[in-house]
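Down below is the structure, laid out as structure tokens.
In order of appearance the chains are A, B, C and D, and numbering begins at 1 in each one.
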Amino acid sequence: MIVSMKKNATPRDIAEVCDRIRSFGYRIHAGAGDERSIVGAVGVGGDLSACIDALTAMPQVERALPISAPYKFVSREFRQTRTVVKIPSPAGTIEIGGDSPVVMAGPCSVEGEAQIMETARRVANSGARILRGGAFKPRTSPYEFQGLAEEGLAILANAREKTGLAIVTEVMTDSDVALVEQYTDLFQVGSRNMQNFALLKALGRSSRPVLLKRGLSSTIKEWLMAAEYVVAHGNPNVIFCERGIRTFETATRNTCDLAAVAVLNELTHLPVIVDPSHATGKRSLVPAVARAAIAIGADGLIVEAHPHPDKAWSDGAQSLNLDEFDAMMRMLEPYNELWCEARLEPAYA
Amino acid sequence: MIVSMKKNATPRDIAEVCDRIRSFGYRIHAGAGDERSIVGAVGVGGDLSACIDALTAMPQVERALPISAPYKFVSREFRQTRTVVKIPSPAGTIEIGGDSPVVMAGPCSVEGEAQIMETARRVANSGARILRGGAFKPRTSPYEFQGLAEEGLAILANAREKTGLAIVTEVMTDSDVALVEQYTDLFQVGSRNMQNFALLKALGRSSRPVLLKRGLSSTIKEWLMAAEYVVAHGNPNVIFCERGIRTFETATRNTCDLAAVAVLNELTHLPVIVDPSHATGKRSLVPAVARAAIAIGADGLIVEAHPHPDKAWSDGAQSLNLDEFDAMMRMLEPYNELWCEARLEPAYA
Amino acid sequence: MIVSMKKNATPRDIAEVCDRIRSFGYRIHAGAGDERSIVGAVGVGGDLSACIDALTAMPQVERALPISAPYKFVSREFRQTRTVVKIPSPAGTIEIGGDSPVVMAGPCSVEGEAQIMETARRVANSGARILRGGAFKPRTSPYEFQGLAEEGLAILANAREKTGLAIVTEVMTDSDVALVEQYTDLFQVGSRNMQNFALLKALGRSSRPVLLKRGLSSTIKEWLMAAEYVVAHGNPNVIFCERGIRTFETATRNTCDLAAVAVLNELTHLPVIVDPSHATGKRSLVPAVARAAIAIGADGLIVEAHPHPDKAWSDGAQSLNLDEFDAMMRMLEPYNELWCEARLEPAYA
Amino acid sequence: MIVSMKKNATPRDIAEVCDRIRSFGYRIHAGAGDERSIVGAVGVGGDLSACIDALTAMPQVERALPISAPYKFVSREFRQTRTVVKIPSPAGTIEIGGDSPVVMAGPCSVEGEAQIMETARRVANSGARILRGGAFKPRTSPYEFQGLAEEGLAILANAREKTGLAIVTEVMTDSDVALVEQYTDLFQVGSRNMQNFALLKALGRSSRPVLLKRGLSSTIKEWLMAAEYVVAHGNPNVIFCERGIRTFETATRNTCDLAAVAVLNELTHLPVIVDPSHATGKRSLVPAVARAAIAIGADGLIVEAHPHPDKAWSDGAQSLNLDEFDAMMRMLEPYNELWCEARLEPAYA
């Protein structure tokens, strides 16, 4: 159950609502309260519809909603209209989940100033709006390159200033959130950290939006619950990112569950994008999967692009070079147009 | 290694080639020989390039090809141009893998004359070219409806005559091949039978094309090898059908591996279609997945449609009703056009 | 619902029971009827407990049982005591599911007289009771050895006569059941054919017991339903065989789901054995998994053993040589004893 | 390549060795150096055997080892004898990987003083040596109980003093390592954090041993690499814990990959235990899986036990009550004895 308070509700009004909810046997969920004038009630309590009626009758209450899904704030029951996540950039606000798909592009790892600047300029020219690049890298082996850390963040920030692109970069642990927040416009939570709950809670207390990659073997329901952690702790701006799941198939690095985009569009109001690079692990397959992602209704893409994929310090096999990236962007144009027409039709969503 | 003979090659010419191949330590693969004037050599033999040179020098030999993939006839190495599988129908030949995507539609099970005739007329009007319907049904439980058998086949054949649609229907065992062949235009091999090798061999000896669904947990390589069974036993007309694989995810009935379409388009010259109904198990997701399938480059779709899905004897939850099917076909039109433009460009394939 | 008739029930008595069942809205399941004086009712009918009462009151009825599981005859609800499957051999009847674990051993493929005779003599000496060996081989590639067919069956039958071992061998299609039945004591259904329903039905009409391997990605419920096909069609003697399932892990050929043995022991009265060879795909892991299988309560093992694994025509990497097999059998002895003590305790089962 | 220095090696000696290694084109791995007088070299360098020879010839070098596995310190190549991880307790040092299997037991969550004390006393009496209990709980939903945090740790520490049991408890993020270290004898890394590299690095700098649970969909190789993170950063005491992997099967909560124990025993010198509670998710299956785990060669078990599983705040369905736990421990005794005999045989390992 979610109760939203009227705009002028006082802390005392909220406390009264909480008391009333408790009198029906429910617990108050702490995280969401103050910031948003929204009270969440969870647990197994008494007569739900009587409780809803009693709350609705209180003058300070705007709306009281029973929500049956285990995820509350991220569910379609909570909000019927689609959420647009707004990302600031020197070139103006970028809208994910808005009127057109948005492409994020860049290398797997930040390797240096020249690599990033060349990539940023070229992908911006090709139509990307957000620059990706890892400064903290989760690597299977302790002996592989672990990222340039703050030096890498500064390189990204510099490219931001010079190109007008916004920045998305990975944060791997709650103790790094404050540092990364100084540089990035959009936090990326990697697959291995989708259920790093300390990190999710810390990001819930940030004001920057979060790109939440799906865990390697996470169900869609678990993924929604992970987003709920962020939102319930105060940050409503979460974007899902399908990047392939782990299966028995080895012809591709992962199995891209594109239908998950359509499933999410039924279950949540939050945007969802697709990462065709990690989903396939193979450069030649990226454009085809990108095309299918836009066709199925994704709100955007995140794509690995590198000036010299064969010299990349990580993930070269799945990176497009900058010409290939440009060709893909042009190929996607008519699919983007069909996407926009569908989104503008009143029946959609 | 595959050796193709010149058109006027005699059995004696072929025998000489076989002897030469054996002299290098390779075995002759029996299945393919006579019918197609093609000799296949397998096994671990001696100097491969010397053998190829020796064979190429023989006057009756047109071409001798070393093929490194474990699948030979179905590989791109064997044939660079895409194969068009031709399916006869009262309304003319249907081409799968040709200039436009082809849609197959109909109910999961043949339930009776009226159901099939209504479905056939409506899906034909909406643009489907092939009618699907099961007369032999593989059901998890022995207590579920097992299909109308020959009675069902006769109903399909009648609908074929009246509507001009071609027929695709499942055959479950080699001992039924002769019976089903009397009625169908296209054999369907179901997921559970993808590695029913006795069935694949029997279909290799048939002259009707084969729609080969991917096994629930089959790798793409195993799938290609299953097709190789059919082709190596004499039937070159195989169409792949991606219908979702089994994973840990339960939000959808299966996980639709759409990237497999792009992988197959790199590895084989044979056509590939997608079944969005089994891939998702949920009616509301079918149009979105169908759209993505065309966008990624599938040569067609096979879709469950039923006059009254809520009364269907099987798979009602994933069947579109006939109005929904029609709406989906109209929605797909601009995607089909983009598909055709791409296919007509010289660089494609 | 399952109704068992008294011993002297006539066809007319059975017909009356069937009519009564139908009057409550249920359907009669055809397969099981006459042979066993058991009537199965399925489908969605009227008041189940009233129907049970009415049937129990009929003089010809011994027992009427509501069974909630989708599998009926194979469920613990149908039979509380464990079924012992009896297999004839020249050396006397072998009991699977009886007082001690039974080991089946032999090569993957029958390669010739000498290979089989050497293997049979040695594994018999080491304590195996049943000789395994494939005469019809399901191979991923059409170019791999497909088995010696009837010649291989004859070789097995000869070894049976000379050593007293019973024989287990694979049958791949319903059209081969009559042939294989002439030679084998126990049919093996391979993983790829676990849901080959035409084959399961044909085996249901045989009088020889069936070893039913689990499908590569079959759930335990689907496996039980596959056994139900055999039993519902008239053959009550089914043995389950866990041989590993397909997962993302590649360190072993398959992932051995040993807990499935414990799950089956809760859900069914039928015996279950384990195949540590296919489960691991690696010789060095076979003894450890065999030990765990006995410890968890399996009724036996089926193990690949070959005089010269490095020269085996198939599956050499997972075959023990005959000395290794003997060592494993000695290592298992104390575990077999613990198994037997547990089985003899009244509380067990 | 791993180089171990003689005991009296000085920092200057180590620096010389590092220079020599670099002169062959390899990089020095920072983490492992000083503490252990071991130098790790990674990357792609020049002539490996020449480099090994040159290093071996240096007077300060004890041993220079080429290691081909991507994991170095945890591999059998690095150490042939099995590592015994020593855990201090008020009742004396506990050895994991020593002469007998060790059982850890306790509730999923620390709920309060009484629950923990009752559990601790009873499981100690039954033969457990280590008390488990979560004070920081990774829960799928933000609305579920998240653990008592430091209050819970203090309760565990109190039980430790009163019963002599050692403590194992989960740490979820690097920023909690210092806090948890004050209370626990053994850190637990949960499945969702197996690749939380910031956490693994922090634990590498701790002097307490680490119980590393396998990730839900982690390969054995990835698991070994995760352990390598801990060891390469300075902490040699890692214990693996198989707790089931995620597959398509739903009859059990996870699929217990018991063969992984045998695989690890081939690949690493570190101990491995099994968690039959999470592996199955079902109380009735726990004893059977525990038995199989000991039989296959696990160095111990971690088992959920609770005074009143039906009232547990989490994981009640898979928790044994304290009588059931005691019965299981007695049932395991003969299997433990067989385990010990095998371990004492010279051929083992």
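Annotations for the structure displayed:
Everything that follows uses one rule, which is that contacts are C-beta pairs under 8 Å (C-beta built on N, C-alpha and C of every residue); 3 or more make two chains touch, one makes a residue touch a chain.
Model, not experiment: these values are computed from the prediction.
Between B-C and B-D, more contacting C-beta pairs join the chains of B-C. Chain B and chain C have CA centres that are 33 Å apart.
If you average the CA atoms of chain A and of chain B, the two centres end up 38 Å from each other. Annotation: 49 Å between the Cα-based centres of chain B and chain D.
Residue positions 217, 246-248, 250 of chain B are each in touch with at least two other chains. Viewed as a network of touching protein chains, the structure reduces to a complete graph with every chain in contact with every other. If you check the complex, the residues on chain A that touch chain C are 217, 246-248, 250.
Across the interface of their complex, chain A is touched by residues 217, 219-221, 245, 247-252, 255-263, 265-266, 279-280, 284-285, 288-289, 291-297, 334-335, 338 of chain B. Residues of chain B touching chain C in their complex: 29, 31, 40, 42-43, 70-72, 138-143, 146, 172-176, 192-193, 195-199, 216-217, 222, 225, 228-229, 232-233, 246.
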